[in-house]
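Below, chain A partners chain B and then partners chain C, in two separate complexes.
What follows is the complex of A and B.
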C-alpha cells in the first residue's frame, strides 16, 4: 500500500500558505521602500537645479506646467518650466500665480498644506476623482489645472470674468452654484478666499505629478464628438 | 451544535452585532438611493444633503455594517469551533456599545455638520475626506481600540480552546485586518504618498484579508450546513489562503498605475491582479463540489432528502460563491490591465465593479451568517425557506445585478466618450454624462436600486419572523 501523499496533507498546505504570504509581504515591503523614495516630495532646490521628481516641490506653482507627449516613454508627462531638447522639463519658464512667480518654499508649502487639507475637509473625493480615485459624479481633477475650459479661451474663465486662470478657479470654488454649467452643479461648501487659493495651488501641484500618462490625451482633442 | 444559543453569551453578542449590521445595511441602501436619485434629478436635496454627503454615508455604512457583521460572525462561530465560551465576553459587550455609540456620533456629524474649515480640527472631529475611511481621527483611534479588543478575545479563545484550522486562519487574518487600519490614519501634504498608504487599507482589506475571512466563513458554513468533512474543507481553506494572499498582496500594484508611483507597478499589478480571480473560481467550485459530494453520499445510502440544514443561509452562501467570482473576479479582471485601466480608471465602469464585488463577495455571505444566527437562536434543526426568504434573495440579487449591468453600460459610454475620445477634460466628462447610454443607464440603476431596497425590506421581515414559522424541523 502506498504511503499517504503530502499533497493531501493539511500541514503541507498550511506551510505553503504561510510561505507564500510571507514571500509576497516581504516583496511588497521591499517595493514600498523603493516607491516611497521615488514619490517623496521634491524641494525648491530640485526645481532650481533641474532635478525631475515624480512629485515636485510646492514651489512648482512658480513655473509654467504643461502636459506633453514624451517620445521615449510613449505617453504624456508633465513638463515644468518649458521643454528641453529631450522633451522633458527645462525648469526655466516661470509663470505668475496670483500675481507673483517668486513664492518661497515656506509660502508655497503653506499654501499647498492649506489646499490639501481643504481637499479633504471639503470632501472633494466624494464627487470628483483625484488621480482617478474617488466618486464619478463630477470631472476628474488630476489635470484640472491644464483644462482648456479654464484657459484664456475657455468657457469657465470667461464665465467668472476673471483675468487669470487661478483667479477664475478661486472665484468658482468660492461660489460654485453662482456659475452653473449644467443641471448638475457643485454645491457651496463654504470655501473661503484663502482656502480657494490653497485649493488652486493644490490643483496646480497635482497637475505636475508624473502619473505615467494618465489621463491619456488630456485636453488634446476638441471638437465634435457624438454628433455634437 | 457544540454550543447552543441559550448557553452562549458569545452567540448572544453575535446577534447584537448582526442587528446593528442589518440596520446600517438599510442606511447604506437609503443613502445610495438618495445619491442615485441625484444622478437622475440633480436638484434633489441640493445644498441640503449633497451627493458628496449621501455618498460618504453610503460607502461608510457599507464598510461599517460589514465590519459589524464580520465581528458578529466570529462571535457566532467561535464557541462551535473552539468548543468553549468566548474568553473576555464582558469586554466584547462593552466594546460593542462603544463601537455602536461611536458610529452613531460619526454618522450624525456627517449628516448635520457635513463640512468644516480646512484645518486639523475638521480632520479630527468631522471627517478625513478619504474615500471609504472618512471617519474622523478620534473615531479612528476608537475603532483601533475596539478592533484590538476583538482580536484579543479571538486570540485568547483560540489559545484556550480547540484551535481548529478555521480559527487559526481567522486569528492570522484578523490581526492583519486590524493592523492594516493603522496605515490609513496619518495626514500628509503629498497626495501620492497619501493614496499609496490609503490603498494599504482599502486593497489589503477587500482584496486580501476580507477575502480570506470569507474563505473561513464558507468553510464553517459547509461544515455546519451540509456536514462537509472538516479535513477536506480545511485543506481547501489553506490552499485558498495561499492563492488569495499570493495574488492579492502584490495585486495591489493595479492601484499604483497612475497615482505618481513608478512604472514597474504596471507589470507587477497586471500579473498578480490577473491571478486574483483564480482563488475565487476555486472557492466557487469547492462550494458546489462539496454540496454535490455530500448529497451524493446521501443518495448512495438511499436517501433523497436535502443535506442542507439551513436553506436560506445556504442559498446566500451559494450566491456568495457566484457573486464573488463574478463581481470581484470577472468584473475586476475586465479592467485590471494597465492598457485598459488607463481609460476605465475612475469611470462608471469602476462603479459597476464596486457594486457587484462588495455585494457578491461580502454582503451575501454575511446575510447568510445572519440566517445561521436566526436558526441557532430559535433552536431549529432544519431551517426552511419562507416566501419572504425567496423574495428577499431574488429581489436583492436581481436588483444588484441589474444595477451592475446598468452601470456597466453607462461605463462604456463614460470610457469611450469622456476618456478615449475627449481625454478626460471637464467638457469631455459632461459630454459623456449627456449620452443616451449613460443617462438611461443611471435611470435603470435607480430603478434596480429600488428593487434592491424592497428586497431588503423582505429580508428584514424574514430575519425577524422566519424563526416563528412552523414548517421547520425542530
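What follows is the complex of A and C.
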C-alpha cells in the first residue's frame, strides 16, 4: 500500500500534460490540412460537373445564385444554378453578368482578382464585414449579392435606375454619395467603372461561398426565405 | 432523441465535422483522448509508487 498519493506525484501530471500537449499538436496540424482542403477554391470543371465546393470557382459569376433554406442543415445555403431535388445546387441555370454568361475561367479569375485588389485598396473592411472580417459600421457584405434590395423589385436597384443587379451595384459603387442609403452614407471612394465591375464580381463570388449560414440573421431580412 | 443524435449535415464529411456536430460528440471525444489515458497513466504511476515502496 502506497503512502504517497498519485495525485500529488509530479510524474503523473507531467505525463498527462505531455500526452495532452502532444495529442493536441497532432490534432491541430491535421486540422490545418483538413481546413486547407475545404477552403481551396473550386474550378470551372467542378461547376460543369456539378461538384459542390465550399468556395466555388470564379466562373460562378455565369450562374444564377440564390439563397435557399436547407431543411437538413437548418440554415440557408447558397444555391448555384438552380436547386435540385435534394435542395442543393443543380449548376444548370445560367445568368448574364454584365451582358454575358460565358466568362471564361481566366476572364472571371482576372475580374475577381481585380475586385479583390480594389476591395483591399479602397479598404472596404474599414466599415464593412467580409466573411466575418472587418467592421460593423456599414452593412455586412458577405451575402450582399443575395440581398433582395438589389434585386428586380429592390429599393437599391430602383434608386440607381439600372436594369440589372450587377449594373445597379456597379453604379452605386462608383457614385455612393449620390444615393441616400441610411444615416451613415458611403463616401465617394473614386472607384472606376472597371474596378466597380470587379468588385461586383468579387461580391457575387463571395455570396456563393458556403459559410454554414453565416451571417446568421441574413435570411431574416425582407423578401428572403423565412423573411419578414 | 431528436436532439441527442443529430444527422450528419456538413458539406464535406470529415472527422472535424463530426466533432462539431454538438456537445455530445465533443464530450465523448475529449473523454476518450484525455480522461481515459489519464486513468491508464494513473494506474501505471500507482503501480510504480507501490513498487518503490512509497
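Going forward, the second predicted complex is superposed on the first by the 192 of 228 C-alpha atoms of A that agree within 3 Å, B and C clash if a C-alpha of one lies under 4 Å from a C-alpha of the other, contacts with A are read in each partner's own complex, and residues count from 1 in each chain.
Just so it is clear, a residue touches a chain if its C-beta (ideal position, glycine included) is under 8 Å from a C-beta of that chain, and two chains touch if they have at least 3 such contacts.
Source: prediction; values computed, not measured.
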Q.
Which partner chains sit in contact with A:3 here, chain B, chain C, both or neither? Use first/second/both/neither.
A. second
(Q) Looking only at chain A, is it chain B or chain C that touches more of its residues? (A) B
Q. Of the two partner chains, chain B (first) and chain C (second), which one does A:34 touch, if any: first, second, both, or neither?
A. both
(Q) Quick one: is A:210 in contact with chain B, with chain C, with both, or with neither? Answer first, second, both or neither. (A) both
Q. Is A:131 touching the first partner chain B, the second partner chain C, both, or neither of them?
A. first
Q. Looking at the overlay, does A:20 come into contact with chain B only (first), chain C only (second), both, or neither?
A. both
Q: Look at A:54 in the shared chain and tell me whether it touches chain B only, chain C only, both, or neither; answer first, second, both or neither.
A: both
Q: Using the superposition on A, tell me which residues of chain A are in contact with chain B and, in the other complex, with chain C.
A: 9, 16, 20, 31, 34, 38, 54, 210
Q: Using the touch definition up top, name the residues of chain B that touch chain A in the complex.
A: 35, 38-39, 42-43, 46-47, 50-53, 55-56, 114-120, 122-123, 126-131, 134, 165, 168, 187-193, 195-196, 231, 234-235, 238-239, 241-242, 245-246, 249-250, 252, 256-266, 268, 342-343, 345-348, 350-351, 414, 417, 419-431, 433, 435
Q) Once bound in the complex, which stretches of chain A touch chain C? A) 1-4, 6, 9, 11-12, 15-16, 19-20, 23, 30-31, 34, 38, 52, 54, 72-74, 210
(Q) Please output the residues of chain A touching chain B within their complex, sorted ascending. (A) 8-10, 13-14, 16-17, 20-21, 24-25, 27-28, 31-32, 34-36, 38-41, 54-55, 58, 109, 112-127, 129-140, 142-144, 147-150, 156, 177, 181-185, 187-190, 192, 195, 198, 206, 209-222, 225-226, 228
Q. Can you list the chain C residues touching chain A in their complex?
A. 7, 9, 11-12, 14-16, 33-34, 37-38, 41-42, 45-46, 48-50, 54
